[in-house]
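One chain, subunit A, links the two complexes that follow: it is found with subunit B in the first and with subunit C in the second.
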Partner chain A sequence: MKVQGLTIQENNMGLLSDPNRRRALISMLTRLNAPICVVCYMAGVAWFMGLAFEPFTLRTYMSENAMGSTMVEERFPAGERALATGREFAAHKKKVGGMPVDWLVKTMQSQGLEVFTQRFSRTLPFPDENKERYVVEGTNVYGILRAPRAPRTEALVLSAPCSPGNNNNQAVGLLLGLSQYFRNQIYWAKDIIFLVNEHDLIGMQAWLEGYHHTNTTGMDWSPLQGRGGSIQAALSLELSSDVITSLDLVLEGLNGQLPNLDLANLFYAFCQKIGVLCTIQGKLQRDDWDTASGYSHAVQTMMLMVLKQASGRPWGDHGLFLRYHIEAASIKGINSFRQYKTDATTIGRLLEGMFRKLNNLLERLHQSYFFYLMPSLSRFVSIGYYMPAFGLLAVILLLRALDLWVQLSALPSRTEDGIADIEQSGPGVLSVLTPLVISHLTGVALYTLPIRSQEMAVEHFPVFETEAVVLTAIAIYTAGLALPHNTHRLVSGEGTEQGWRVLKLVAVLYLAVLLGCTALINFSLGFILALTLVPLAAFITPHVPKLLSALFMVLLSPGCTLFFSIFFFQELQETPVNLQEGWVLFLSVISQGILDHSLYGSLVYPLVALLVYPCWLLFWNILFWK
Partner chain B sequence: KRQAISLLASQTSSAPETVVTPSQPEDDFQEELVIRPLHSGDIYASFQFRTVWDTDFMGGKKVSHYRLFPKSLGQVISKFSVRELHISFTQGYWRTMQWGQPFLPSPPGAELWVWFQDTVTDVDGTWKELTNVLSGIFCASLNFIDSTNTVQPSASFKPLGIGNVTDHRFLRYATLPREIVCTENLTPWKKLLPCGSKAGLAVLMKSEKLFHSSFHSQAVHIRPVCQDWQCKSTSWELRQTLNVVFDLHSSGQGKREWSLFKMFSRTLTEACPLASSSKIYIDVTDNPQQFELSPATPLLSQAVVLGDRRTYSVYDLTQQATFGSMRSLNMLLRWKSSDGDMMRPLLHGERYVAGYGLQTGEIHTLMYNHHPYRAFPVLLLDTVPWYLRLYIHTLTVTSKGKDNKPSYIHYQPSKDRVRPHLLEMLVQLPPNSVTEVTVQFERALLKWTEYTPDPNHGFYVGSSVVSALVPSVVAMDTNSTQERPLFSSFFPSKEESSYFVRIYTEPLLVNLPTPDFSMPYNVICLTCTVVAVGYGSLYNLLTRTFQVEEPSPGLAKRLANIIRKMRGVPPL
Partner chain C sequence: MAAPLTLLLVVAVTIRAALFRSSLADLIAERVEVVSPLNAWKRVVEGLALLDLGISPYSGDVFHETPLIIYLFHFLVDYAEITFMVSRKFVSSFRKQKYALEADRYPLDCLELIRSPKEMYYIPLKVAMFYLLNPFTILSCVAKSTCGLNNAVIALFILCTIKGSALLSAIFLALATYQSVYPLTLFAPALLYLLQRLYIPVNIRRPSFWWYTLQYAFMYLGSLFVIICLSFFLLGTWDFLPSVYGFILSVPDLTPNIGLFWYFFAEMFEHFRLFFLCVFQINVFFYTIPLSIKLKEHPVFLIFMQLAVISIFKSYPTVGDIALYLAFLPVWSHLYRFLRNVFLVSCVLLACSALFPVLWHLWIYAGSANSNFYYAITLLFNVAQILLVSDYFYAYLRREYHLTHGLYLKRKDGSEATLVLK
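On to the complex of A and B.
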């Protein structure tokens, strides 16, 4: 036995302990480095594309026993009345010219809820042109249905936004209809909070911060008077028509966070039970997975999810709940030209069913996955399946790093003795440090200057504040390309062969760590960045043709990735845009990204500005190494 | 409105007292039901049953003959040398802002506090045994009370009976916020009554109705009281109370109309024959503006309860006339209008956990003083389990934006797995203000066997207790103490211009960092692999001696070595 064990170990690890074999392995890895990298990249992309192929995905299933096996009967009868309430709400909204606070308070009170209001105000760092707001002031109204014989420790939230214009009146009507109906039931075990939030996400942010008494974004809000304990789950309702053809489920929240998959399963189960068409990313699911069009449909659905998740912004009012570890999703009613329509009573029954199941929960939703992609509503790809796609891309960086390491240790051996080696390493550190510091300073400038210098920009150029911010960002981004390269020459004189290798080794490892961490938190963002940054990190040396590579690098830079992603996203949504419109969208997406960061604490903008962009600049620096 | 009350008062004081209390030399049983219509349209029913027994459990002689006093409790008192025992089981949270103050407050879940006689030497051991015995008597999980949730408050829980021992070494207080109260707890509670649920007011206690309510609380209080006004000898008092609030929307079907039958699906036909007094009080202070009552009763009673002078219609069940020709009593309360404001409770508390993430958090306790011009001090008692590690240096008390320095702080830090944090403070609440007490905490990572079977549900932190002498709205009438109804005579009140109130905040549900419990399997697999591959190869590298391999020897040498080996000689 002993002998056998020894031989196995020798076989396993003899590779490393035996200098000859180690040498052979390393020489193979360096010799075949480029082909292996190419194969890994292809395999990574192929793996990712394979994720949407139905036989490779898993069917969704309810993991939470408390929701799976219990029977619920939906009896909500009052859809028509809810719509009438919605119309009444619309009339009051029009009369007041905003949130009809008094009417809502009175209505909810008459239903027997405990009603509270919260005032909030927020001055945006610069005007939001998409939603035309700068100084935002508003009021949230919420009513708490106290569960009988429950000690106020757990709550569920149903929210509907009070949107400007004629939007979402039906959602508020249905919310009030449901609250009336729910109030008369005896079976509630958790308090239910009915929230009508003004100014969509800003109001939601104010309410959540007030509820948890935190202040992460510097917003002004009045403290909440009533609470229902720890919130277990939340649903946000968006409904703008009396009848709908399908319901769309929105999962992507702040920073690419997703609710527990069981929440999606719950929605899907009730859609199936009640017979409502349901979609995710606005796409119905198809049965013909074995045809090319069926597969491409699944790919499109999944790619939409990847792009939305990568954007890191909340795609519905639910998105901000996820930070507080509250499972939440938005349900949007869609009214298209399809023949078959669903009325408000049916939607009410669906929501009633979901709430009753959530009410049955004994623990927080935790049984199912938190990290997943969905190529359709009934299929999912778990983290164990999609991570290898990223791993295959990331391993390229490690292989390149190994290659560089070997080259570096091989280089000094060509010189005569070790003394020269030590002398060389001295300036080597400085020549690495300087570009690192300079590119990060550029990153800091990109992060801070756009908002800070808007007034100056508005004074000197004929632009609005929003344009000023976006254009400053683009200007700094572009200026960064000219600024830092060849800085090492200031400190270390002529750039050496070894110098750029050390810098590239550092940059490659930096990128590997950066992408690895990003992918753990937000797979989609990490994967998209890896898709574009890994090839350029792999091939860039000072010896490749300068002009062509520079063009290639610029095209693969984070900014251009965003630009292409916008076109791709529009294409997937079946609303293609031309170059002009794309540019306008690009500008607005940048401003939204900066706003998301300062309003809700989205991390994508600081990540790109402070880490990804400087990292990319390092490679730019290597390209122009002299 | 005040005028109306005084008018009523003058009317009732002139009315002849018709209550006749038969004298009982040894023991005495009284039963009572108070019904208070609430402004929200809900209705509050509070039962109180009092058994007083002129005996001495402690006097050395064994008490073996029991009549009205339940034997099970009597034995508990004598065996464990209990001086005072208060136990409550509550399902739901008392909504002070909607319902006003309850007659007897209690926190959600189970609460138990006991004063032991000063003859008890091993208080902790006796407490442990007592909780286990009570757990059996009341079919509740009181056996989960151990040192990790027991505290000895220094000021908040004073004895309510006679006696002058106030050394809090003999006091034990514990709550189980997670305790669910149901029929299995009601049945043993009803069995303690002399008439059981066969006759008297207890007939109304049908569990399917009592638990079809917004709030349900049942309690047992045992204490020594004076036998007479001279207080030369003591007797034991057992009070059993049951409070229930029926919801207008789910049990009243939205109609502002209540009757005994609608509340309890029973009517009354007789009093408990063993009771010396059996009465129903209906709070008609707002009558006749708000609601009408039928059948009408000529009996009116005045009482100052919780600082407010209230008027009650009294139905005496010992009188045959009360039941009328139908031989059953089913009174009906019908609201005429739903407007009118409730007097805002002067003191009200709230509590919540702030922050997000699973590392730290902050407990906020809010205490509202709604009195327009008077400040009053309150005692705040906070018991926090050890797995929330309080950062006591972050403790702040603020009212009206200013720092409010507590005049008394008693803090006992927790010991991991042994005892909880205990924080008691005497805080002055300025008039018309909110006082906020905040303290930060860190969530501990438990050992994996310490998690409950449903760890993702969260862990409970019991209610904090706010005890206060609240300035009274009306000056208390000192003359009528002898004839006061039971519900108004529980907490002794020394100062006439203020009354004692105890409020409980909501319990907290806090999520602790919870491991994925399928993880051990993964961890075992992972560690085995790491140990096998990592350790094995490292060991291999460390222990192996490396030497350059010589070129393989020739055939002749190998043959020679084989021969040498067979001979047992070292090879060449």
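On to the complex of A and C.
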């Protein structure tokens, strides 16, 4: 019987078009919803923990041909001389009481580099208590070694920060030693820029903005007088002692961005070749992956990377390069109590080797992975392996949304078209819209008020600016809990059964999209948020026990997640803190987050304030639905 | 009726004005999802500047708008923002009238499937709301994309058609075609509707059918001819033909957008280009024939289907085009009970809209993803749209089936039957 392309009969055309199968599938998904969700959650966590298990990871390998097969020799001889230069630099630094600009310019010029300086100044939105700075003024000095072998269209950067106190003098010394040595070689095909930046990341930000003619953060800097080609790769060096025991590689950049994995491979390959101990997250790699302690070591290394990446802040001076498509990493010299020491000549040779390989690049590093986690320096987990862990968590949200959808369409008022539908839709829309608007306004307040109202807070309360900002943020965050859950009644009277279901459907889908997007940009942040927010989103209804659930929700809120993460991070770094210190650290982390946002454009603070927190408030609202 | 509509307009205009003044406007105007090389405001400004300097705006590869648009803006350039807002207002208010008129059409149907008059009463308001408060429309308005004007012309065409004014309908259809070629396919539904209004049966043996078709075609082609000649006399050269229509049909600009063309043609070997160009372009026009045969009794639904097909398969689609056919969805709210994939489709559309900027960021700014990521989302977005449209098509046919056969079907042996699309 065929009428207008429709036939009455059963057939098997596939899941989407066969109504019987659809019905069966949907009824199964709604009936078994809770168990499937629990299984998915546990599977997601188990998958994630499994990522650190060595048989499940891949061994790193060099993908870039230009860096793989070509042999280079390292001949840098002048480590001692570099250290002497470093001491000279330290003496001048002490004399000037800051960056010895004139001395650096003179030294670099005597080596035959083209030397330029850049002045910059920046007033922070509020004083930074960790680094004790408020009005920052400084100078960057950089020298360009022009490539003798090729048109000067590409460049590499070696940078060392000029830090206060006695830090990093050796790094500047080694940088100057390398520049002198590099100047005499004829094989350079890319300009090499030697940069000494003052005030660490602020100076770096000024220099990069000047180099690329952008101004994203409203900083004042003088334009650069000299430029090399487009920068292909950059290494940032931190070295505070004459000899070291190991070198630590830092990859995490702004907003959790990572450099191409080939850069890490390059570092690892040279450490192996030259025989330097190398670490990532300060952890050596171990061979005993099949023992419990070996596995837990790998998990710790990976968790440190996840936590650092999730914080979204640059963990070294290299972090800002990544925003400009420049692959960059920081190399930190660590001097511990081990017997085996490495001298400056060896580090110099290592850097020379890395630069010579980078010099051979024919195109930007792009062959290897950009999305990865590293349980050790020689092992990595790529996006295809770690995304399922997040996917298993995200699918819970979709299942809950499907369940709610089925419940909503089963309610009688929805299925009948006609008058009932119209009358329902009026308050229905309002009862969803009101909490949405109010929680987002709270989010906007959390985002804007702390910095705006610091002066007022300082006037009326006995606190410093930094404390004022942080405490205002915490106050607004807490006030948000009291505010919105009563408001919908003012507008729409009594909340209905259907009302909270619609609101929850919206909130669950909102959370799913939000977490999905976050996980794509910064997997670690997305995963940590999913780990805490998904169970809460899955079980909250107005009918669960109020007090217990409220406690549970507060414990799983984004703010508390941050608090626990700090303790966990300190534990992993083997510097555990007690509650008092943890609280102080918590306050300073919040102020750092706000500063990172206004100084470098880190997105974690606005993300949490404007999107994640309002989304959490929606669930809070559902819990207190009346 | 008037009060909520006014309120709606005030809200919609306020949102747009607020966004215009905010720093977001520049950001939105750069988004590839919102503006295409055809309708970017930046390019219109460039064309205006060239015109002022006495250079043909089409000499270069920047400007691809039609000559009438540029002259229109030539006089309005200072008030451009207001113009955009006004055009939005036109769209909505005409929509409103259109559906007030259309409301008379349906109560012929019986059973519990017909819409109650009260519900009909709200439809124009709902349509206006769907269009004016749709984030896609807001974005494309804030980006000052000329897509808003195209939508206005098409809306006017639909209004005139439904009012039964053949001449005005033909003129607006000609204008829409002149703007972007593709509305050509709306000729068939418009003709079918006008025939239906005059009770002329669609029968190729009847001379009255042919006579009316010829009349309408003459009006359409005549006004198209007049408009094109007018452009020629204004500009004094035929430059605009290759620069506008050649640009639309041969797709030389492969800037990523939400359509299907860019990735495919960027990847293809040059000697296959012409062949696939034909295949892709015929794709847009081809559906007119089967759809017109199938839906010859329901030209208004056919217009909706055609608009959706155009906005999915056109060469430079933007979110503004999608907003146009999404605004029709409240008209088909009586099909809601027969829809099968609403949840799936709305989830996918929602997720894709959020993922577009994220993957763009990863590809262009962070450099860690690549074009495949972005294209995957484009593909998913279009699949979801196709699923949406075919779902509505299915629901429409199924409703028709139930109207003739009763709502609760029994099989021959008396058990309850299910309907399956084959």
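Definition applied: the second predicted complex is superposed on the first by the 600 of 626 C-alpha atoms of A that agree within 3 Å, B and C clash if a C-alpha of one lies under 4 Å from a C-alpha of the other, contacts with A are read in each partner's own complex, and residues count from 1 in each chain.
The working rule: contacts are C-beta pairs under 8 Å (C-beta built on N, C-alpha and C of every residue); 3 or more make two chains touch, one makes a residue touch a chain.
These figures come from a predicted structure and were not determined experimentally.
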| item | value |
| --- | --- |
| First (subunit B), second (subunit C), both or neither touched by A:Trp405 | second |
| Touching partner for A:Arg323 - first (subunit B), second (subunit C), both, neither | both |
| Partner chain in contact with A:Leu520 - subunit B first, subunit C second, else both or neither | second |
| Which of subunit B and subunit C A:Val437 touches, first, second, both or neither | neither |
| If touched residues of subunit A are counted for subunit B and for subunit C, the larger one | C |
| First (subunit B), second (subunit C), both or neither touched by A:Ala24 | neither |
| Partner chain in contact with A:Pro148 - subunit B first, subunit C second, else both or neither | first |
| Touched partner set for A:Phe371, first subunit B, second subunit C, both or neither | second |
| Common ground on subunit A, meaning residues reached by subunit C in one complex and by subunit B in the other | 9-10, 13, 16-17, 19, 323, 325, 366 |
| Subunit A residues within the subunit B interface of the complex | 9-10, 12-13, 16-17, 19, 112, 114, 146, 148-154, 183-186, 212-214, 227, 229-230, 323-325, 362-364, 366 |
| Touch list for subunit B against partner subunit A, complex | 40-41, 91-93, 95, 97-98, 108-109, 177, 211-216, 247-251, 253-254, 350, 352-358, 362, 364, 454-458, 460, 506-511, 514, 533, 536-537, 540-541, 544, 546 |
| In the complex with subunit A, residue positions of subunit C that touch it | 115-116, 118-119, 122, 294, 333-334, 336-337, 340-341, 343, 347, 350-351, 354-355, 358-359, 361-362, 365-369, 397-398, 400-401, 404-405, 409, 411, 417-422 |
| Residue numbers on subunit A that touch subunit C, as the complex places them | 2-11, 13, 16-20, 22, 257-258, 322-323, 325, 366, 370-371, 398, 401-402, 405, 415, 417-419, 421-422, 509, 512-514, 516-517, 520-521 |
